[in-house]
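Next come two complexes built around chain A: one with chain B, the other with chain C.
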Partner chain A sequence: MPIVKTSLLQDGDTPVAATLNQPYDDVATASATIDNTNTRDNWITRFHFAGNNACNDLYTFKYQGTADFATNSTSYTTINVAGLSEAVLNYAPSTNEILRVESSGIVSACTPTISWDVALPLADRGKPNYYAFQLLLTYNDGGPSATVSLGEWGYSFTTASSVRYVSASAGVMKNTGAPISWQTFQFSTTLRYDGVSGVRTYEKISLQAKVYDAANTLRVSRNNIVAVRAKH
Partner chain B sequence: MAYVKPNTFVNGTPLTADDLNGNDEALKTYVNQEIVQGDLDNNHFKTQDIQVGDYDPIVNSYTFATGIDTGLANGRDPIDRSYFTSNIKASRQTDNNLLVWLTMPETAPHLILEQDAEVIITVGSAWACTENDVEPVGFWDSDVYLTYINVNDLRTLSNQTYSYAFEEAVLTNTPAGNKNPFGGAGLIPDVGGAEGPAGATVAFAVRRWIGFTAHFSLTAGSYRFAVVVNPKVQRGFASARVFKAEVFYK
Partner chain C sequence: MAKSFIERPLNQFDQVKTDNVRVNLDKHISTFNGELDANNMPVESVSPAKLDLGRVKQADLSGTITKWSSSFPTQAYFHTEANNKTFSTNIYTPIFSVDLDVATWSQGFNKLSLLNSTWQDFPLNFDAREGMLVGCATVDWEHGTQVVSDDAEQALRSRGNDWWTEWGVFVNNVLVCRTGNIYPRRHTTQLPFAVACGSQNVTIDVRVLINNWDYEDSPSPPVATPFRLFSSTIWCRNHYR
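Our next item is the complex of A and B:
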C-alpha cells in the first residue's frame, strides 16, 4: 500500500468530514495489499514463514546396509539392494523452480573381467573398462509417465588407461591395470523447471547403473539420493 | 484482516473525542499487532526483505533465516594434510575388532539447531595410507565414517557414509577380515605378470578419493559432526578436503 498521508489542519480551520476520514479510509483500502513500501528491509524472519518446509523441502532415499546389488547389464538398471533406489517426490513444481539432486554410495567387490577393447571401432576404445551411474527423473504431464536423465557419471573398473585396445592380431594384452573395488562414488546436479506452474508432476528420482561390457560385474552397496526442492 | 475504520465523520455533525480516539485506537492496534498474512501483497516481497544472516569468520559459518551453511575447502599441499596413526592403539594396531576413532581436523562443525531441521553433509577428500614399516604390511583397511554426537553425548556412526582408506602395499593378498581393495576373494590379479599391473601401479591403485553425501533429519539441539577414521596404518593422511554442512530448517 502507499504511504498514508494526512491533511494539515491549522488553527481556525473548520475540519470537513472528507479531510478527517481520508487517512482512515486510505489505510482501510490499502492495508489489504501491504507491500515492501511499508516494511523495512530484512523484516521477514524464520518465524514468519508458513509452517514446515515453506522455503524448501527434502526428499531422500537411503540404503545403509552392507549387502550389494550386482549387475552386468549394459543398459541402465535401477539399483536394488533391499528395495529400489528411488526418492519419491510427487509434487508439482512452479515455473523456474530449482531441483537439486545429490547421490553417493560405494561400489563393493567388482569383477572386471574385461577392461580392454578387443575390437574396433576406435570410438569405442576403452569402454569395457567403464561403469556408469544415472539419475533418472520420472515425471507426469497427464497421461503416461515419462522420464528424463538428469545426468550420467562414469567410473573405471581399473587403473588402466581408457584408450588402449587389442586387435585380434595384436597379441597378448599388457599391463591391464589394477582393479578398483570399495571405491566411493558421488555426484550432484540441478534441474530448472521452465514449464507452467502446476502442469508437471515430479514423481520420483531413480539411481541407476550399468556396465559397458556384459562380462564385467558391478556391485553397489550403500547408496543414497538426496533431492532438495527450492520453493519460491 | 485489513484495517476497518470504526467511525465515519459526517459534515455538520459535531466531532467527538470518542469517535476520533476510537479510529486512532483501532489504527494503532491494527498496525501494532493485527497485520496478518492475508494483508500482504502476493508476489511482492523479495530476498532483500528476508532477515540478513550472521557470518562467523572464525568457524566459517553462515547462519540465516532458513538454515546454516558451513564448511571448508583445503588444497592438496603437504601443509594441508591431516595425519592419523595406528600407534595410539599400542600392541593392537591392526586389530580388526579394536575400534578407536580419530577425528579428522577441520571436519567437525558444531551445529546448533534452533528448531527441527534437515541436515546435509557433503564430504570429499583424498586419502593415503603409507606402507607400514614396523607393523605387518597388508592392504589394511582403515574404516572412515561420518559421525555425530548429539545432545546426549551418544556417538552415531552414519552407515550411509562407511568408506575405506587402504594401505599402499605391494603384496598379493589381503589380511583376513579386511576389505580387498581390488575385489575378488583375496588375491590381486597377477602383479608384475604378463598381463598384470606393476607394483607401483598396485600401490597407487589403493590411494582413494572418498566422497559421500549424508542426510539426517534431526530435532532441535546441539550436534557435533566429524569425519573419523579407525587407523590400521602407522602413517596415513587425508590431503585435499572439501567439507560442507547445510542445515535446512523445516
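Our next item is the complex of A and C:
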C-alpha cells in the first residue's frame, strides 16, 4: 500500500466534498495492498502467523529400545534395530530453505577384534579401528529417487588400559583388551537448497554406519534423527 | 496503533475550521502511513505467500573451506565446513594431520588455523541481528594413538589418563561451550551453544586444548603423536528478537 496523501487545507479555504473524501477513498483502495511502508518495525508476533504457517517444521525418528543393530559391513548400511532409522520428510523445499539435521545414539557392547591403531614396529597404521556414520538424504526431482550424503563422521573402537599392567621397560600402560562400549555418538549439519522452489522433494533421511575392518563388529542401540525445516 | 482518538472533536453547531479538519484527517491517515502495528493486524493472518523466501545473506565461499548463509524474515542460518567432501577424500583419511612433537602449538586453546593455515577462513563471521545465536560445532578428530599393538611383547598398550583433548566454541573470543577432557580415540564431538547477541558483527570459532606427553624413551621405535582432523563444521542460527 503506498503512502496516502492528504490535501493541505489552510484557514480561509473552503473544503469541498471531493477534497475531504479523497484521502478516505485512497485508504479504502490502497488498504488492500498494505506493505512494509504502512507498518511499524517489529509489528508482527507469533500469533499473526497462520496456523499452518510455522517458521520451522520438525521431523523426527527415534528408537528408544534396548535391542542392538550389529554390522561388520565395510560399506554404509542403514541402521535397523526395530525398523530402519529413517526420518520421513516428504516436502518440497523453497529456494534457499535450510534443512538442519541432528542425530545421536548409543554404541552398545561392541566386538573390537582390532582395537589398535598402531602396530609396532610398523608405527602408525591409523585406520584399522575406525568406524563411521553417515546421514543420507533421499530426494526426488521427478524421475527416480536419488541420494546425497549430508555428512560422514567417524569414531574408533578402543579398549581399556589398566594401571595394573604398567610395562617395566616402557612405562606405558598395558591394555586390558576389554572394549570400551556404551558410548554416545552425535553429529549435526545443515543443508541449503539452492534449486528452484517446488522442483525437488525431500523424501527421507537415513542414519547409516560402517566399519573399516570387517573383523570388528559395531553395535548400535538407541538412536534418533531430528530434522528441522527452516522456512521463514 | 493501539487505539486512536479524534484530535479535535467536532460537535454539532460548531464552526468548522479548515485546520481542525486537516489535523483530524492527518492523524487518521498517518496510521496507514507507517504506524500500523500488531493491534491492527488480525491474528493468524500471515500466510506463506506473504513472507519472503530465504535470501543469501553474504557471499558463499567454496573450496576446501565451504561457507554459505540464508536469511529469512524471522531467522538466518550461517554454515562453514571442511570435511572429506570438500577435500575429496574418504572418511578414513584425515584432511589434515600434524605431528605434535614438532608442530607449533600452545598449552591454551589453539585456533585450528594455528595448526593448519588453510583454516584461516574457517570461522563464521557475519553481521547478526539482535536476538539469539543458537548453533553447533561438530568436529571429527583424533589426537594421537589410543591403543598400540606391541608385537615384541605380544601385548596391547594404551595412553595414560594424562593424555587428553578438549574443544571449545568461542563467540567473539568468549568461550561459550567446552567439552571437558576427552581421552584418546577417534571421536566426533558435538558442541552446542546458545548466546544472546545484539545487532553486531559476530565471529564464531572452534578451538582445541591439548595435553600431550612425549614417548621419548619407549616404546621403541617411538609411537607417532599426530593430531588429525577429519571434519569440522559450525552452523549457527540467528533467531531475531
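The criterion applied here is as follows: the second predicted complex is superposed on the first by the 186 of 232 C-alpha atoms of A that agree within 3 Å, B and C clash if a C-alpha of one lies under 4 Å from a C-alpha of the other, contacts with A are read in each partner's own complex, and residues count from 1 in each chain.
One rule holds in what follows: contacts are C-beta pairs under 8 Å (C-beta built on N, C-alpha and C of every residue); 3 or more make two chains touch, one makes a residue touch a chain.
None of the values given here were measured: they were computed from a predicted structure.
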{"item": "Between chain B and chain C, more extensive residue contact with chain A", "value": "C"}
{"item": "Which superposed partner A:N96 touches (first chain B, second chain C, both, neither)", "value": "second"}
{"item": "Which of chain B and chain C A:Q10 touches, first, second, both or neither", "value": "second"}
{"item": "Touched partner set for A:L20, first chain B, second chain C, both or neither", "value": "both"}
{"item": "Which of chain B and chain C A:N129 touches, first, second, both or neither", "value": "second"}
{"item": "Partner chain in contact with A:T111 - chain B first, chain C second, else both or neither", "value": "first"}
{"item": "Touched partner set for A:T33, first chain B, second chain C, both or neither", "value": "first"}
{"item": "Which of chain B and chain C A:I44 touches, first, second, both or neither", "value": "both"}
{"item": "Touched partner set for A:S188, first chain B, second chain C, both or neither", "value": "both"}
{"item": "Which of chain B and chain C A:T159 touches, first, second, both or neither", "value": "both"}
{"item": "Common interface positions of chain A, toward chain B and toward chain C", "value": "15, 20, 27, 31, 34, 39, 43-45, 49-50, 53, 55, 102, 104, 158-160, 172-177, 180, 185-186, 188"}
{"item": "In the complex with chain A, residue positions of chain C that touch it", "value": "17-19, 21-22, 25-26, 28-29, 32-38, 41-48, 51-56, 68, 70, 72-75, 77, 79, 81, 83-85, 91-92, 136, 138, 140, 142, 145-153, 155-160, 184-188, 190, 215, 217-219, 221, 223-224, 226, 228, 230-231, 233, 235, 237"}
{"item": "List of chain A residues in touch with chain B within their complex", "value": "15-17, 20-21, 24-25, 27-29, 31-36, 39, 41-46, 49-50, 52-53, 55-56, 58, 60, 62, 64-66, 102-106, 108-112, 158-160, 172-186, 188, 219, 222, 224, 226, 228"}
{"item": "Complex contact set, residues of chain A against chain C", "value": "1, 3-4, 6-15, 20, 23, 27, 30-31, 34, 37-40, 43-45, 47-51, 53, 55, 94-98, 100, 102, 104, 115-121, 123-124, 126-127, 129-130, 132-134, 149, 151-156, 158-162, 165, 167, 169-177, 180, 185-190, 192, 197, 212, 230-232"}
{"item": "For the chain B and chain A complex, residues of the former touching the latter", "value": "2-5, 8-11, 13, 15, 20, 23, 27, 30, 35, 37-41, 44-46, 48-52, 65-66, 114-115, 118, 120, 122, 124, 141, 158-164, 166, 179-184, 188-189, 194-198, 201-202, 204-205, 208-215, 248-250"}
